[in-house]
Amino acid sequence: MAPDGFREAYADALDNRPRERPRPALAALARRPSDAGGAFQSADPAQPRIAGAGPDPMKQQIAILSDATRPVAEREEALATLQAAAFMGPKFNPYRAAYRSALRQVAIDADAHLRAQALESLALDKDDYARSLLLDGLEGRRDPLVPKAKAVQLLAHDDHGAALSVAHRVLDEADDPQAQQEAVRVLASDPGSGSRLLGLYRDRGATAELRVASATALHALDPGLFEPEARRIVEDDDEDPDVRASSLGALAVIPRYASTRNDPAFVGKVEEIRNSAADGPLKTSTDRYLSERSE
Amino acid sequence: MKVEVKIASVDHDGRVYLGWTPVEVTARVVDGPGDGRTVAVTLRNAGTGGQLDISLSRTMQGAPNLDVDLPGDGSPLRFWLAGRFGRPSAAFGDAVLQVVERASGTVLGTTPAMVRIRKDANALTDEERDRFLVAFGTLNGRGTGRFKEFRDMHVGGRPLEESHGNMGFLPWHRTYLLDLERELQDIDPTVALPYWRFDTAAPRVFSHGFMGLPDPNGRVRFTPGHPLEFWTTDGQVGIVRAMTNFRPDDAPSGLMGERDTLGLGDDYVDFAVMEGDPHGLAHTRFGGPIRSPPTAPRDPLFFLLHANVDRLWAKWQWFYDRLGDADPAAYASGGPYRVGHNLSDTMWPWNGVTTAPRPSTAPGGTLAASTLVTAPGPSPSVRAMLDYKGAGGGPHQGFDYDDVPFWRDPAVA
Amino acid sequence: MEAELSTAIARIDAIRKRPELRDELVALLCERSTIYRGLTAGQAERLRGYVLASFRATGTPAAAMPFVVEELESGADAYAVAGAAKALLGSRDLPSGVRDLLVTAADRIAASDEYVDHDRFGIGGASGSRSAHAEILEAIVAIDRRSHERPGSCCATRPPTIGPAPTVQTPFGNCCDGPGVSQASGPPENGTSIPNAVLQDQSGNRLGAHEFFIGRASVVTFFYTRCMNPEKCSTTITKLGVLQNKLGKAAIGNQVGVAALTYDPQYDLPERLFRYGRERGMIFDERNKLLRSVEAFGEIEAFFQLGVGFGQATVNRHRIELFVLDKGGRIARSFLRAQWESDDVFEAVEKVA
């Protein structure tokens, strides 16, 4: 790309094409004057929170989202617009209460996709109503609003919530592999679950996906428990190659495991694997492990 | 006889990194012919990958070869060196500056370098991608840096007001990215933060080998052993990112493209409307934490998305010649705005200020330092983040985008 | 748990009609109350908000004011903060600075605003309800009106009236304290020495509590790294760093220990403590540490009568609490609930150093 004429060409391209404008509701919110004092000023009861005449574009979007008679695609776009608006922080604050209320309404909507999106928005915000809906679905007090795995995943967004007992129960039931994988990740925040995670990580009867998910949780919870098991699995030629690749990947990249490179026997074993493994994830992990500098 | 070259743009190991901004270089003869005599040399761009331009003044119009006469007594000669726009490096050492004696053709000095540029993530070589991923996974694995403070940096209320919904949205995020990039470069100096062009298809980005692909529940899957497979943020293990709006080999729909975004207007106040569309909408093209402000930085894609937002601003600045803070259209000239959003304000949390109306805690400390440059300093102001290239003659900040030149095409400017 | 919660709600509803029993409500604001056991953080906040809002009907006793002020000053939950704003209106004797507290509270919860209904316990109000932000603004208007109509009735210049919480037996425990309390829900001062629990610092070193806390004056506060409210733990540790700096420049600096203990010792392993403190400007050395109790956190909890409750995973709610210990490891001064100022703590520790 030669610099000569670069801007000229860019300018031509900019001028000679149909122009798309930003979504009106978002543009209107973005253009709303920013206040100097932050919400201190907006907290002044003498100041109306939503100024201006005419229909408020954000309120219109909330109305569209809430209106079950409208096409789902239209409501989904309204939801996306509102979520985009939420990134404008204080400018969106005057609509937060109505928005949350609409989300709670949509969380039990007939459309599964829209419902799941609303529940996720609420769950990311650690909303207690969403928590109770999800728990009710999992515990049979109502028809589930989302699949079991998704429900566990959404509950897990709140580590001060109720996900832990649910996760243990899902693992005990062992009837939904996807849900189990979500459940083990929840245990990463439970100091009492180290041995359970270790057991799942080393369980050759479990799927590689569940074992690796357990490994990631164990690493996050207690690296001291993870490291020796990861080494053992890497060194075991009878182990699942994907579990070995993932375990070695962690030892290669995560600084606290750099000390494994001081063990000549282990490094020698990794070299041996590299020399014998076919091309694939395990070989790539050995290459990465042996090439990474230690910090 | 040899020629010693000194370039003030080096990492901890003395290796040279360049961008599009010309940096000052000195060359001097060692064991030369002595007083009153000169050595006729050619300063030569000799790399096989990244290309260099050389000039005697600070300009983007350098040339690959420059004939100069070096003083024989060892006095230094000053010249300028820059990466050639459009020809960045793929690895360290693929850019080379040679000093060749014109009479004999003897190479008197060789300086390997890298033209380190933020690139389109979808166009990275496999090696570039892997270096980036390993550095990112390593940084995350440290559990420090930007990954621990998200809970306090991006939560609603005052922290979010420092960075969103006001004029400083773009400078704040430019700083946030620079902070992260410098932490990555502390691990691997050859890494530059790539950007995700959210208005074009990026099938290489959305693959198991790069940013991962979601299962039906939005749980992101990687190739076993992938450097981000053990990604942990804020106590949450792994990444959730459902692709609700587009397939991996398509472009997202429903948001403004690059040229429309630049076409918002030539005044910053008009351009800043992009905080909603395309920026906010780009976040909502997915399901998962990236869709919500307080949790968005849990997803590594957040940083690639925001690198594109910053690239759009950088390109707008270049296109409309809006880098200088003296230009009232280069930033919001009205105001005053909330503290942190005015041109002269410093930015939280890097300034460490914890008195109202700032948030009451400022985790993470000052902006990460760079061995290459001193700008924008540990506690940058909004103003400092405008002319990141030093186009106005000031210091540059050590980053560039592959499609934003050092300055405007002189034929047009 | 659900049954106990239902019982408590029924009791609160009954007290709303019998103001003479309102002191029972104060006891329900103590985090140690059994009613909070096992609740999620969201449930705990909602319950507190409901209790606080009840004071609007019963009148707000002076003993409740530290809880009200605390919620307005550092609460993050919109429902609970709006409940505190209502409680303020239940008081005839408002402390100074409450208007500013309300304004900053409105600012703080604006990004998590929601419709609230304090008339019945449940989640969220209908769209026709008033939002938490609007409730707080309403409180500001009411206080302004009261101030206008009855000059001197509001926002006096004297400091907030903070008396000892009453000792009230409730079915959910008696967590509030009797005589000797300097502020609500605190432990007795100048009592016994801190128990010699086994502790571990941010570098993994083990030590006995007496090793650290006996033989020199010390400052000890509590926190946990998973805290969701930046106005609490993150701010506490940030301010502890400021206090360290202040002490470091003073003559007594090398005679004072500065420590923070985690409420969540099983999760907050040394590496987590180290990172958390370092990123908030804490200095670490022999006199300055972040600590976890290796075992018997209950002894520490009991000694300080900590204002903390636990859900199924971790803390569900805690107060801000800092203690100055004398050279014998006895509590000389407590700073509870309200944000503490490093100058005040410095002054307190100077007296016992």
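Annotations
Order of writing sets the chain letters: A, B and C. Residues in each chain are counted from 1.
Note that in this section a contact is a pair of C-beta atoms (placed from the backbone, for glycine too) under 8 Å apart; a residue touches a chain by one contact, two chains touch by 3 or more.
These numbers were taken from a predicted model, which means no experiment stands behind them.
Chain-to-chain contact here is organised exhaustively, every possible pair of chains being in touch. Using CA-based centroids throughout, the chain positioned farthest away from subunit A is C. Nearest to the common centre of all protein CA atoms is the CA centroid of chain A. The centroid of the Cα atoms in subunit B and the matching centroid in subunit C are 43 Å apart. With each centre defined as the average position of its C-alpha atoms, the distance from subunit A to subunit C rounds to 32 Å. Subunit A and subunit B have Cα centroids lying 26 Å from one another. Among all residues of subunit C, those that touch two or more other chains are 104, 107, 110-112, 226, 228, 271. Within subunit A, residues 38-40, 89-90, 125, 159, 189, 256 each touch two or more of the remaining chains.
Among the residues of subunit B, those touching two or more other chains are numbered 156, 158, 160-161, 235, 357.
Residues 38-40, 42-45, 49, 89-90, 93, 96-98, 100-102, 104, 125-129, 131-132, 158-165, 189-192, 222, 256 of subunit A touch subunit C in their complex. Residues 40-43, 46, 102-104, 106-107, 110-115, 123-127, 131-134, 136-138, 140-141, 144, 226, 228, 266-267, 269, 271, 311-316 of subunit C are the ones that touch subunit A when the two sit in their complex. Interface residues of subunit C, counted against subunit B in their complex, comprise 76, 104, 107-112, 226, 228, 230-231, 234-235, 237-238, 271-272, 275-276, 278-281. Contacts from subunit B toward subunit C in the complex involve residues 143-144, 148-149, 151-152, 155-161, 235, 352, 354, 356-357, 359-365. Within the complex, the subunit A residues that touch subunit B are 1-8, 10-11, 13-14, 17, 19-23, 26-27, 29-31, 34-40, 77, 79-81, 83-92, 113, 116-117, 120-121, 124-125, 147, 149-150, 153, 156-157, 159, 178, 181-182, 185, 188-189, 208, 212-213, 215-217, 219-220, 241-243, 245-246, 248-250, 252-256, 281-282, 284-285, 288, 292, 295.
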